[in-house]
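Please find the structures below.
The same chain A turns up in both complexes below, where it pairs with chain B and then with chain C.
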Partner chain A sequence: MKELLIVSLAGIAVLAADVIKFRKAVLPIAVASLFSLIFFCIVDWGRNENPMDNNMLLFDNFALGFTAILTFISLCWFLITTEYFGNDARRTDLYALTLFSICGAVLMVSYTNLVMLFLGIEILSIPLYVLAASKKGDRLSNEAGFKYFFLGSLASAILLFGIAMVYGATGSFDLGIISTASTAMSSPTPLLNAGIVMIFAGFAFKVSAAPFHFWAPDVYQGSPTPVTAFMATVVKGAAFAAMFRLFSGTFGSFIETYGDVIAIISALTLIIANIVAAVQTNVKRLLAYSSISHAGFMLGAILSAQNGDPKILLYYILTYGIASLTSFIVLYHVSAYQQGAEDFNAFKGLVKRNPVLAGAMTLAVLSMAGIPPLSGFLAKYFVISSVLQSGYLWLVIIMILTSVVGAYYYLRIIIAMFTPLENSGRIVVSDFQKYLFLLLSLLMVGLFFAAAIPDWLY
Partner chain B sequence: MLTEYTFWFLSFLAVFSAFAVILSRNPVHSVLYLILTFFSIAGHYFLLNAQFLAAVHIIVYAGAIMVLFLYVVMMLNLNQAEPQRTSAWAKFLGAGAAGILMLVMIAVIRKAEQGTPAGLPVNAGTVENLGITLYRDFLLPFELASVLFLGAMVGAVYLSKKEIT
Partner chain C sequence: MLTILLIILPVLCGAALVLLKTKTARMFALGTSLVQLLLTLAAVYLWKTGNNALVVFDKGWLGSMGVHCAFSLDGISLVMALLSAIITPLIIYASFNKSYKNPHIFYGLILMMSGAMMGAFTATDGLVFYIFYEVALIPIYFISMIWGSGNNKVKVTLKFFLYTIFGSLFMLVALLYVYQHTYPHSFQLSALYEAGRSLSGLEQGLVFAGLFIAFAVKMPVFPFHTWQPSTYDVSPTPGTMLLAAIMLKMATYGLVRLAVPMVPDGVTEYGTWAMVLSIAGIVYASCVAIVQKRYKLLIAYSSIAHVGLISAGILASNEQGIVGALFEMVSHGILAVGMFFIYDIVETRLKSDEMARMGGIREANPLFASLFLVLVMGSIALPFTSGFVGEFLLLQGLAIQNIYFAVFGGLTVILSAVYLLRAFQTMMLGKSNIHTAGFSPLTTHEKTVLIIVVLLVIGLGLYPSPLLDLANSSVQTLPGISY
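The block that comes next holds the complex of A and B.
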């Protein structure tokens, strides 16, 4: 509960700081609130609080863990995008919107009532629609916001329809009551079945899984790059955590019924995203498709929710979040230096022009490709082994094959960076940002060794 | 008996006007038919003994939102606008998906149990009961909705505000 209060009050405090013309305080308020959020997650860890407010929220270890990593990624996001927001007079609004969005993410990982889930998704999404369109003069950004808003509203409506049907079948919004009512049935009744499928479709849209992914490349490409980084990491992570909470606990007894559906959607996502990504020339669009393909992997973690534990998903979201955040922000710096060019040529000679950015980008894409001494490898390994335990060998084969395709287009970025370029200027980033990129790179390597130590994660 | 006739009449009206919304060529007619749809759905709420919901539905949807719609339609002067051309392929896929959804819904509702859910009193929709539910059981979501509205408000102001330097 205090987690929720901190982040929503921080959003209001940011707005208040703008009103009293104290804009300098805006970033410190946001950063301090996120730090205290992580602090309280650590303090409350293992305390197993009782559900509160008529079973609306439960800050168990699951919720605290996901809140902590999503907050950590948001914290890095706030610190690393200072250059973009800079001295922009409107940055307070954007910071406030981002904080409200994080508030929605906290709700989505801690809900024990479907009403709270829906509220969380809306609180997360509505500020995002505005953030996507926040570059007001840019046509692509406007299009992104518009598209995201319309399709997102439709997906929310479908999700709400599903929730209504689950209510009709079980007579409650409470996850505990739904769980007992549904385990009492030997197989789900048609009404419950349809409800669960519609909820799943709504989620699949939010995480951009295959048949519902058409919005993602356009929205990711059109939005300002730092906003894209936020969408691809925090938002996706929150949606997956919410999905895990629902499909492992409440509807966990029907996993045989839905296992094949989830596996097919996961396979479709992987195949479509990786093949389309391989032919992209625009790096931002390529990274958008790569983000879709990672959604396919994370669906694998949902699939094995029954015998796996949330740690696999948590580790995947953390490693993918760090790598994805790094790659998008490097892309931002590179394209900001060259009048918004986002193709492979913009990356030429980056090693000479800024070794830190090139190094961070190399590690990030290698981590996303799943190359061994980086944490992305272990994340993929854990997912694959748990999917194998659930008995989906064909999905594992698709995962491995599409990872090979993935390695191809990730390597294209690296090759571009190491291609020498004559008479090019240096790309300058501030010292503070340089250290942040180094920290993120260290984390990509460090998380590998942290998780590789036996009996720690497994 | 009268209730049943009213139900059928309202249902027919709702379905008919909903079709008219998407089939009429003139956007202003569409909006007016939409108001008719809202009124017939509000009538259903009355039949279900949910007077407060019916009143709010009419005030919010038929009142505020529809007036806004009408203004926008008239201001944008959509009457002269060319109808959007969509490819036959997209139309086919859309019709297919919607058709499958309708099939599933019919199949689901045919098999669903009829009647009131257990533990739900007959007068669940009255103002008194709604108030008790909203401010006791669902107090936290009710309060949190304010964060949602604040976010939406900040966003709306941000998008419509003139650039300041």
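The block that comes next holds the complex of A and C.
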């Protein structure tokens, strides 16, 4: 409960700081609150706190683990985007909105009641609609906010409808009661089945899995790049964690019913996203499609959720989050210095223009391509291994074939960076940011060797 | 501990080189690789004296998934480690005749690559082998892409990278499939061997197919070879040497270490197809080599032919074939360095390797021609050269399996005589022309490299028994081998 309180209070404090004209304190408040959030996740470890004993939230190790890594990624995000928000007069609003969004993420990983799940999704999403459109003068940003809002509301409605059906079938919103009621049925009733499918569709929209992904490229491309980075990492991670919580425990007994559905959606996502990404010329749009393709991989982790091992998903979200955050922020710096150019040409000669950015980007895309010794390889390996264990050999083959396509477009970015460019100016980033990029690069390699840590976590 | 040092030392020194801008990068790299060579020799000594404690390293890494960070050296690994440890300093020293841009990164990448290959050669855990197998790709990709020459180098290296990744992912699936059948789940090679042999014939065949695709791409075996000639062509000479002399040996080593002992039924039942492909590749690549107009491409195709013979010899899965293959890997590695160094010498002087433009170099530089001749003789497996020992054993192994394979495999020797002697003739003999008249004498550095290579070729040809004994001792204990 402390976790939730801290982040909501921090959001309110940030807003208040603006009112009392104390803007300098905004970033420190946000950073300090996120730090203490991680701290309390460690303190509360293993306590299984059930706030106010009303079975709405349960801060078990699952919730704390996901809260901690999502907070960590948010923390990196706050620190590394200071350059973007630093000059913005509305940065207090934007920071407060982001903090509220994180608040929704905390709810989404700790709910034990479908009402709290819905609340969490809405609290997460509504600030994002605003953030997506926060570049007011920009047509694409407005389009992004508009699209995200309309399609997001539709998906929320579908999800809510699904929740209502599950309520109708089992008589409760509480995960425990739903679980007992559904295991009592020999096979799920049509009403429950429809409910599960609709909830799944709502989630598939949130995580941008095909065929519910059409909003994502436009929204990712139109939103300001730092906001895109937030959407692709924290938001996606929270949605997957919420999905895992529901589909591993509560609906875990019906794996035969929906396993094939998840596998097919995962395969579709991988195929469509990777092939479309391979023909992109705009790097931001390419990264958007790459983010969709990773959703396909994470669906593989959901597929094997009945093994009840959230480590795989946790590790995937962490490694993918770090790599994706790095790539988007490098893209932001590169395009900010070149009048917003986001195509491959903008990356030409980056090795000379800023070796740190180029190095971090190289590691990030290699990690996303899943090449050892970067942590992305292990993340993919864990998923592939568990999917194979669940008996979906064909999905593994598709994962592998699409990984090759993925390697192709990731390498195109690397090739562009290593192509020499005459008469190019240096791209300057502050020393602090440079160190952050180095830290992120170190994490991308270090997490590979520290992969034993998830063994200790649960 | 010693084994892990063999891997970590070059990787760390390489990483340090990349990060630190030092003027003496190449000396530092040479020193590191020489230390690695000394350590390898120490490991050989320890192994001979039966002192295994220092050689075996085993620590849990992903304990719950049965992955161990495990390395060890046996006779087979030692042969490969020796190959890698001898060739790496040779390649680094050979590269001294040219100065490369950003030498600290260039040599750093070479060292890292050498460490990664050492890791693949010594790993006793399937997943760790796979990881090193993949890791080795990254430095060589950057070496070829950044320091390569030619307008299409970006395209060529991209194809190389994707092709190899594509192949090795099949190995991952094959390994995972066998891993699913181990109880308790483990990636230790011994566990994989046991699980693999308990699979049904068809399953073994499929696992073998997955492994073979991965290795066939890397070696390369016809028809998976299309990336190879162009990649060898655009890479800088040290890169080509790394590719031909050591990196492709990871694939042949993989066949020995993984395919033959893990899925023996798969190899005997379905390996015939793979052998047919390998042997078809020998004839095909030799014929293509005959019509090459450029020396570097000729050597590239000749490499495909020789590797085809190695691959076929391993798949015969008898003692002669595998020992011969191991010996031939070393011999081919040394000869590849020599042959590509010849290219480097010619190319620096004539700015081209069109063989038609050459001729009469022997008149201008008899020493160079004589040294080159020894290498040519080694490549066509003349007795008293290292090539003879390896190819003789390989052909013997093939003959035990199937006499027709030996007949067609023997074409390697005949056809390589055709294209290599013709190349030698057009390049070295005859009257010198306007291009070659001023062929300047060899520098001391060039002489040293060539003489070392020649000595190794003749030395191994005259006295092959230490290396053969080393290989023999462990091949006999390898499961899945017929005698």
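Rule of thumb we're sticking to: the second predicted complex is superposed on the first by the 446 of 458 C-alpha atoms of A that agree within 3 Å, B and C clash if a C-alpha of one lies under 4 Å from a C-alpha of the other, contacts with A are read in each partner's own complex, and residues count from 1 in each chain.
In the analysis below, a contact is a pair of C-beta atoms (placed from the backbone, for glycine too) under 8 Å apart; a residue touches a chain by one contact, two chains touch by 3 or more.
The model shown is predicted, which means the values in this text are computed figures rather than measured ones.
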In the superposition, chain B vs chain C on chain A residues touched | B
Examine A:Tyr129 and indicate which partner it touches, taking first as chain B and second as chain C; both and neither are also allowed.
-> first
Applying the touch criterion given at the start, work out whether A:Thr81 contacts chain B, chain C, both or neither, answering first, second, both or neither.
-> neither
For A:Ser324, is the partner it touches chain B (first), chain C (second), both, or none of the two (neither)?
-> neither
Looking at the overlay, does A:Ile384 come into contact with chain B only (first), chain C only (second), both, or neither?
-> second
Touch check for A:Leu97: first (chain B), second (chain C), both, or neither?
-> first
Looking at the overlay, what does A:Ala451 touch: chain B (first), chain C (second), both, or neither?
-> second
Which superposed partner A:Pro373 touches (first chain B, second chain C, both, neither) | second
Counting only touches as set out at the top, which of chain B and chain C does A:Ser403 meet: first, second, both, neither?
-> second
Please indicate which partner A:Thr419 is in contact with in the superposed arrangement: first for chain B, second for chain C, both, or neither.
-> second
What does chain B use to touch chain A in their complex?
-> 104-105, 107-109, 111-113, 117-120, 136-141, 144-145, 147-148, 150-152, 154-159, 161, 163-165
Under the touch definition given earlier, write down the residues of chain A that touch chain B in their complex.
-> 4, 8, 11-12, 15, 53-54, 56-57, 89-90, 93-94, 96-97, 100-101, 103, 107, 113, 115-116, 119, 122-123, 126-127, 129-130, 133-134, 136, 165, 168-169, 171, 189-191, 193-194
Touching residues (chain side chain A, partner chain C) in the complex = 366, 371-373, 377, 381-382, 384-385, 388-389, 396-397, 400, 403-404, 407-408, 411, 415, 418-419, 451-452, 455
Seen from chain C, its contact residues with chain A in the complex are 60-65, 127, 131, 134-135, 137-138, 142, 145-146, 154, 158, 161-162, 165-166, 169-170, 172-173, 176-177, 179-180
